[in-house]
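Each of the next two complexes has chain A plus one other chain: chain B in the first, chain C in the second.
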Partner chain A sequence: MSDLPVLLPSAANLLNDAGRQRREGAFRVDLKLWHGVVLVAALAVVLGVAEAAGNAKESPWAVLVNWMPFILWGQEGHWQGFSLNIIISFFAMLIGTVVGAALGLMQVSLLLPVRTGSWIVTQFFRNSPWLVLLFTIMLMLPFEIQIGDTIIPIPDWVKAVIGFSLPVMANISEVVRGAVISLPSGQWESAESLAFTRFQTMWMIILPQCVKRMIPPWMNWYAILAMATPLCSIMGVEESVTFTQQAMSAEGGRPELLAPFYVFLLVIFFIYIYPIARWTVRLERKYSVKI
Partner chain B sequence: MEAFYEWFQQLYDSTGWNFVFMYDEYERDRLLEAMWVTIKLSLSCLVFSLVVGVIGAWAQGAKSAILRNFIYWYIQAFRNTPPLVQILFFYFVIGNLFPTYDAGGYQEQYIGAFGWAVVSLSFFAGAFNVEIFRAGVEAVPTATVEAAQSLGYSRLKAYLYIVLPLAFRVSLPALNNNLVNLVKTTTLAYIIAVPEMMYTANQMWSDNVNVSEMMIVLFFFYVGLVAILVYFMHRWERSMRIPGYGA
Partner chain C sequence: MAWDESQPMVSIKDVYKSFGDLEVLKGVSFDVMKREVICIIGPSGSGKSTLIRCVNALNTINSGSITVEGQEVHDPKLDKLELRKKVGMVFQQYNLFPHKTAIENVMMAPIHVLKEDKAEVEGRAYALIKKVRLEGKENSYPGELSGGQQQRVAIARSLAMRPDVMLFDEVTAALDPETVKEVLVTIQELAEDGMTCMLVTHEMGFARELADHIYFTDRGVIVEHGPPATFFDDAKDPRTKEFLSQIL
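After this line comes the complex of A and B, so read on.
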């Protein structure tokens, strides 16, 4: 550093952030505790306003409490409502991670067709809007498939899982590729000089070092995915947003209930995602010191 | 050209692949119109979000604490809530507060769905732009500005000719990420019935029962749009790079 820097550290931070965002395909979910406090306060305020505006016998709070189990768990004995959001995000992440990791390793293959093919697939699903992918899967998969004599039904939420797993897959693929190529080439060369095969180098030397680098972006993607699951309410999947709307219409579409119900949704999503977002930041800080 | 269109009619007759917009003029106009709406929506949001970003970055450095706080809360609110919620909020809540006019039997808003989509998406992307521009301006050392002033630059001239060019170059990569994201987010205007690509495609497959064909078109349109944007932005970035600074 000279005495008169051309640009201050803020420039380097900006460039680093932009580079990271480009590598990982998304901005970091940066939730603070006070965001939650504001949401809860907002819930109290809109409930108060609804209380003042409403002239029905039941208070909005009582109505909300009444519908809470329905929004959170759906009907008795079903996985619906918010629990379905979690299930969809869980399975979409599972499929996305497994397929995405394979795709990411194909992107660093030595075979040109494999490399190019997986690159095209990755870029294609990374750059198309989530809503378009979701619509495609929801409308183009049949509602049941027949193998021999057995008919396997495909419920809507399974289609949603597949629809969400596609963009996750492509982005995880980029995360994996980015982590592998970010390691210094000396790692490869020293492994080669110790007579490791390519597979052994990858499995025993490169990937174990990559895991640390991949975990923070991977968790960030889970947070983004969990926040995106309400998109499938557009297609009528029985998750929390759909059920909130059903609950409101069951109450006779009282306009003053609109705000309390939606803010309540925001609160439950915050409660679920906040710990994940904080944990991601913690792990990132912990791992960034090494290597 | 007619023969080309005719070929798609034959394709439909022989294989059932119904690219209706190729041989049907009404549908073709509808699709072109939708593409134009998406491009218009993207461009307007792009421009307005940049305006929001510049004004916000300026206000963040203002003397007034109220102004600074206001910008802080605006950024927090728009960065941490889903854009879908923001669009619905602007269209149904803020939109209802605006006056309407009589459009032959029913009340129509002066600012329609398109206008509200532009407003909400611009504020959404603008919240990110504010932070980006501010970081860019902060990166220019005061010593550089003082050097400019000692050479006789006025405050405004120093800002225009010294600070902004440097800040802009530093901000460009982050800005590009955000703008590409913005183009993809315009699909959400679907929810308030802006006749853009997603919405029109939906209507067209409802009318013609050709879901797969319209999906293919949608994919290629959006991937193509993003690819063109990314290509030119990256070229621009490379040409605007500060030599010897950063990777």
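After this line comes the complex of A and C, so read on.
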């Protein structure tokens, strides 16, 4: 805490945030509308600067507008560019949630080996750098697998989905475990004294109460994941950052285009993630009042 | 060895229980007959809640024996679920399921544990809600009910399992004074119906009026016991006297 009384309220806020982040195991994607306004203003500024530096070539704005469909959707008839970021995040979240929920329940198992095993898996993937996991998975998996006579190709974006689903899985596992153990022990005891089996207790009494608590951190993890998807551009997955770079080199590598293109990407990500972040905060408030 | 009603409903013999180094129960013994109402009183930390929780195996014991209807509770081979169908328990913090309405709270265990017919259970649940005087609150969620109302739903929820013994663990301790009465009335009616009841309580007036037998525990042992009249008016042990002088 601070010695300066004027700082006390913000010190209290910091303390509060730190407590919540320890509980949720993640920073909260806390986007405000003015962040977007600043981004759009920044885009205008960098475009202006590029215009001034571009001496008589095609205007940066026109170039950017020209490439926008490519960055957003990729080539005609393909899911590429930013739409691929969304697809990767969607499937990684789906796999991460399903496997992570199972792993989280294993973490509260009564069987010691199950509990320990799932704890180790959870901690390993939760505390590994996302990029390293992504590299490992993308380089380890073959580009195709053969089952009998059929050859099933594994495209890069599928590998990326698997690579991203691992840290998501581990963090969802923690969210589930945290929600289950945060319920008062009286719920378990009263269910026990009514002769419910452990499975019935979990399924009918504990989990339904946990869902509400899990939704805000779960959505927050989705926002974090969606922001992390450009990592796979390093491995050449044809998502928005890869295509932004391709677009810029197609324009002959004009250095003044760098800032406008990347700030444009930031704006796109903001537009996608801002509503999710706001909704998360709203749900969090709603549920924290209720329970 | 079949159990019949001439034998104790609950029999506690020389029970020891410790949490780590802390000895909570140091050789407690007593019997509870069918239709008997007993109250366990004593200072906080004297082991009375632990004792009552051992009766339905929520806590384990280190040595000794507890039987319910002749069945050893702490036999590792015992089907705990079978035991808990016979022993109902009500807690200090009510512990209702907050995501279910009052009537659903009452109906859940009979439907899912006893696998009884839903329509039949529903009829019984409405009757129980009526019995605890909560008509009209069937579809309220626990969060919408007062402490006393929640506690009465908890009692109805326990009764829906048709237990033979009811355990009450300081069920009025968390309530506002004005709602204590309504819960006590419910328990009193239950006792008058012939339910075997074991209560841990701080309500001395209630214990005196309702109990057939009072047990006073201090530091893990039963210091003194007797019917209410003798116990309250003619206590022998200095520890009992001191406790009663503080509380009455």
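A few notes on this one:
The criterion applied here is as follows: the second predicted complex is superposed on the first by the 270 of 291 C-alpha atoms of A that agree within 3 Å, B and C clash if a C-alpha of one lies under 4 Å from a C-alpha of the other, contacts with A are read in each partner's own complex, and residues count from 1 in each chain.
Everything below uses one rule, namely that a residue touches a chain if its C-beta (ideal position, glycine included) is under 8 Å from a C-beta of that chain, and two chains touch if they have at least 3 such contacts.
Only a predicted model underlies this, so the values are computations on that prediction, with no experimental measurement involved.
In the superposed pair of complexes, A:V132 makes contact with chain B only, with no contact to chain C.
Of the two partner chains, neither chain B nor chain C is touched by A:I151. Look at A:L112: by the touch rule set out above, it reaches neither chain B nor chain C. Between chain B and chain C, the partner in contact with more residues of chain A is B. Contacts of A:G186 after superposition on the shared chain: chain C is touched, whereas chain B is not. Residues of chain A that lie in the contact sets of both chain B and chain C are absent, per the superposition on chain A. Only residues 4-15, 17-19, 21-22, 27, 30-31, 35, 123-124, 127-132, 135-136, 139-140, 227, 230-231, 234, 262, 266 of chain A touch chain B when the two sit together in their complex. Those residues of chain A lying in contact with chain C across their complex are 184, 186-187, 189-197, 200, 204-205, 208-209, 290-291. Interface residues of chain C, counted against chain A in their complex, comprise 56, 58, 80-82, 84-85, 87-89, 91, 93, 95-99, 108-109, 112-113, 143, 154, 157-158, 161. Within the complex formed with chain A, the residues of chain B that make contact are 76, 79-82, 84-85, 128, 132, 135-136, 138-141, 143-144, 166, 170-171, 173-174, 176-177, 184-185, 187-188, 190-191, 198, 202, 205, 211-212, 215, 218-219, 222-223, 226-227, 230, 242, 245-247.
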